[in-house]
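Note that subunit A is present in both complexes that follow, paired respectively with subunit B and with subunit C.
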Partner chain A sequence: MSIEINNISKQFGKFHALQNINFNVPSGELVALLGPSGCGKTTLLRIIAGLESADDGRIAFHGDDTTDKNVRERQVGFVFQHYALFRHMTVFENVAFGLRVRPKATRPSEAEIRRRVRELLGLVQLDWLADRYPPQLSGGQRQRIALARALAVEPKVLLLDEPFGALDAKVRKDLRRWLRRLHDELHITSVFVTHDQEEALEVADRIVVMNHGKVEQIGSPQQVYDQPASPFVYQFLGNVNEFESRVNKGRASINEVTVDSVEHQSVDDAAALAYIRPHDIEVLKEPNGAPSFSATVNYIHSLGPLVRLELQRQDDERIIEAELTRERFLQLQLIEGSQVYLQPKQVRVFLKH
Partner chain B sequence: MSKKTNVLPGFSLSLGYTLLYLSLIVLIPLSAALIKTTELSFSEFWHVVTAPRVMASYKLTFGASFIGASINAVFGLLTAWVLVRYDFFGKKFIDALVDLPFALPTAVAGIALTAVYAKNGWIGSFLEPNGIHVAFTPVGVVIALTFIGLPFVVRTVQPVLEDLESETEEAAASLGANRWQTFYKIIFPALLPALMTGFALAFARAIGEYGSVIFIAGNMPMVSEITPLIIITKLEQYDYTGATAVAVVMLLISFLLLLAINGLQWWSSRRNAEAIE
Partner chain C sequence: MTAITVTQHVRYQTKVAHRRATSEPAWIRWTLIASALAFLTLFLFVPLAAVFTEALRKGWDTYLSALIDPDALSAIWLTLIAAAIALPLNLVFGVAAAWAIAKFEFRGKSVLITLIDLPFAVSPVVAGLIYVLIFGLQGWFGEWLIDNDMKVIFAIPGIVLATVFVTFPFVARELIPLMQAQGKDEEEAALVLGASGWQILWRVTLPNIKWGLLYGMILTNARAMGEFGAVSVVSGHIRGMTNTMPLHVEILYNEYQYAAAFAVASLLALLALVTLALKTFVEWQSAKNAAEFEKEANG
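This part shows the complex of A and B:
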């Protein structure tokens, strides 16, 4: 069941939470709405669910306009960041809730309800917790129960609002992999909101990057990471170093260092911002002839397989971050205070507007 | 097994103080009533406490208190709901108004209610021609007891209602529950323990109420005479043992009722409580 989002706008007082949002979620995909807090991603999710209404625009499920239907009629499964389980009901009753509140005509028999709930608890691997109450469960277990509860009503689409936001790092990682596997099994069209780029890159088929109530870019994790459409997307997905730069006929210069910038062939001498990822910086002990920045090593953070260097440029004293493999680091024999030469391996240039 | 240490010291000191305080303020006066009663033989005691006029007064006191507390449970919940869930002009004022029955001297309340419901009062003048008698009947007693009990229900339910996550309601709606189902399956069970506490407090307060009732009740023996008034009457007739005998019976019934309500409350909140981490 696909989701079509057409021209959605929403205003809270004078604040534009969402401005002309347009995109489709193809049937069976797992899509992440990614953005910093306050970018409108949760509002958009709640509008898709029918928990909130848009000022303007329409939402359709598989071509079927649902804009004027309320949350009860939309048949969406919604998972909340803080689980929102019914604490006075057992896990079993929580999952059964959606079936029990159906009108008599469509309500399954008691035996059928039992079978379905057992099946769902099996799916989330928590059938042994059926008789417990929500406060007796851990955060990860609660969120899995919340998911089972949402799936019980056989929703057309599954919407998850920062589903792993309240969990600790280890559980969060386990659970998101588990969600990915579950999605591969069920193929239910799903949208989840997150502010964690790593989570979005790892789990989603497609990422919708949002900022200030607008869509910045839509694409596969690979696309948004490798071909960011705007400086915002570039900065939001991973660490970057930002440089003031000038672009002239396909060449971008950062002080003395000049690099190719093929996408700006037709630009005549314009101010631009150049971005370099920390792992796209080559660190050298001696200059090798090619243009480079000279810098001093300020700090060395060596934890795990990557070593992070905090460097200070000698020309304008700005801080640059670089990442190297442990092997390369040992080869270079760097210590704090070492004099090094930095060469950008890959630069991304955006014109200033 | 290691000894459990508390952040704050002085458990034994504070417990000792609590017991001493409760003894001085509550237990000693109550046991005095019990001891005074033992001056009567059992048959005398039985004769005093089962006299028809006294029996009628028990029925009125406990019956009217129960009805009053029940009315408060319903309308107090409604008031708390409106005060928590909606924003409207004058909300603060209404919120303050709820406490008025706490602060008002009960005699003032009694006089005011009587003035309103009497034959020539604002409301009474409409009701009386239609054959509805409020002042000087048990109905008046119920009204007075409802009046004084209202804040208990509102003030116990209000904070719980404020703390209720709106997300659970949204979750219920997204699962297909209609508003009524969301209320009675999700909201009401969460409010029930607080509602029962409020009911118990309003009920207890109503049983002991004297000042506001005696004006509007008319105090006709066998009809609209409450037990606290019987006790006062006996005291005024220097029948101290008789007064304490009736008092002891009231004490026992109140105690048993509150115990029962507490038991019910424990039962209803057990699921929530046992599960708290």
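This part shows the complex of A and C:
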């Protein structure tokens, strides 16, 4: 069941929460809405669910306009950031809730409800918790119960609001891989909201990057990471170094270092910003002839398999971050205060407006 | 740091560890406790004891006969009726108002909150007078009521109205902070799962607020039965007809029937004690629930 989002706008007072949002979620895909807090991603998710109404625009499920449909009729599954389990009901009753509140004509029999709930608890691997109450569960367990509860009503689409936001790092990682596998099993069209780029890159089929109520870029994790459409996307997906630069006929220069910038072939001498990711910087102890920045090592941070260097350029004393593998770092035998030469391996250039 | 200052520092630290940081010297603590106890005894325990001693001064027979006197019975009956009508009205109103205020955003919300608090701010006597001015003989609707052969002031409807007015805020005030703290996540979850408004109210909202609701009802009931000022203005003090228990006590006392007055008063005092016990139990239960809620929110 695909989701079509057409021209959605929403305002809270004078604040434009969403401005002309347009995109489609193809059937069976797992899509991430990624952006900093306050960018409108949760509002958009709530509008898709029907918990919030848009000022303008339409939402359709598989071509079926649902804009004026009540939340109850939309048949969506919604997983809340803080789980929102019914705290006075057992886990079993929580999962059974969506079936029990159906009108008599469509409500399954008690035996059928029991069978379905058992099946779902088995799916989330928590059947042994059926008689517990939510306060007795861990965060990860609660989130899986919340997911089972949402799936119980056989929703057409599954919407998840920061599903792992309240969990600690280890559980988060386990749970998102588990969610990915579950999605591959069930193939239910899903949209999840996150501010964590790593989470989006790892789990999603496609990522919708949002900022200030607008869509910045839509694409596969590979695309948004390797070909960011705007400086914002580039900066939001991982660490970057920013350089003042000038572009002239397909060449971008940062001081005396000049690199190719093929997408700006037709530009005549314009101001631009150049971005280099920390792992796209080659660190050398001796100059090798090619143009480079000379810099000194200020600090060395060891991050397990990686080593992050904080470097100071000698020309304008700006700080640059570079990341090396541990192996390369040991090879170079760097200490704080070492003199090094930096060569960008890959640069993204955006013209200044 | 020299050796001597180090020893001093260690000694100081042990001393601090022995005494909790916030506690005062013993003599201050005992003086404060004693003065609090003296205050409580003088203003609470002695009067309470006095009510029962005075009531039983002339023996059980007088005590009982004061209670089964037809006027006393009618006063008890009227008090129960007023409370029995005020309680469900405030229950429905309180839940509805708290639900609206805690779970929805709308214009005029702060005006509504102020209106709910109004009975706390207005003197009960003034509240009673308002009803006299509106429904009394010379009041706005006075003539119309007479023409239609209806009586509000100096009759049971007036007493019920006054009681409802003064007990208005209790349930709502108790529930609003509770419902605000719980948020509307669970209601929204129920809604996307396909529950109707009624189902959400009965299956999700009410079970979550049951202890707060009970607490509000206990307070409402206590106030409804004990209200004097507002009821006094609208009642007209007709014996056996429009007297509630507090009013009956006043009449008996003014007629120098002390034993009888204290006997009826002892019933009100008993009601207060039962209320207190119930309130403590409910507070204990809701604290237990809140602790669980906290655990869930943090866990």
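Keep in mind that, in the parts below, the second predicted complex is superposed on the first by the 353 of 353 C-alpha atoms of A that agree within 3 Å, B and C clash if a C-alpha of one lies under 4 Å from a C-alpha of the other, contacts with A are read in each partner's own complex, and residues count from 1 in each chain.
By definition in this document, a contact is a pair of C-beta atoms (placed from the backbone, for glycine too) under 8 Å apart; a residue touches a chain by one contact, two chains touch by 3 or more.
Computed from a predicted model, the values in this text were never measured in an experiment.
Following the overlay on subunit A, a clash is recorded for the pair subunit B and subunit C.
Legend: residue contacts after superposition of the two complexes on their common chain; A:F164 is shown touching neither subunit B nor subunit C.
Residue contacts after overlaying the shared chain place A:G139 against subunit C, while subunit B stays out of touching range. When the shared chain is aligned, subunit B and subunit C each come close enough to touch A:A49.
Once chain A of one complex is fitted onto chain A of the other, the partner contacts of A:F86 extend to both subunit B and subunit C. When the two structures are aligned on the shared chain, A:F236 is found in touch with neither subunit B nor subunit C. Residues 49, 51, 71-72, 76-78, 80, 82, 84-88, 97-98, 101-102, 134-135, 146, 149-150, 152-153 of subunit A lie at the contact with subunit B in one complex and at the contact with subunit C in the other. On subunit A, the positions that touch subunit C within their shared complex are 49-51, 71-72, 74, 76-78, 80, 82, 84-88, 97-98, 101-102, 134-135, 137-139, 142, 146, 149-150, 152-153. Across the interface of their complex, subunit B is touched by residues 49, 51, 70-72, 75-78, 80, 82, 84-88, 97-98, 101-102, 132-136, 146, 149-150, 152-153 of subunit A. Touching subunit A in their complex are the following residues of subunit B: 165, 167-168, 170-178, 181, 185-186, 189-190, 271-272, 274-277. Across the interface of their complex, subunit A is touched by residues 185-186, 188-196, 199, 203-204, 207-208, 292-293, 295-297, 299 of subunit C.
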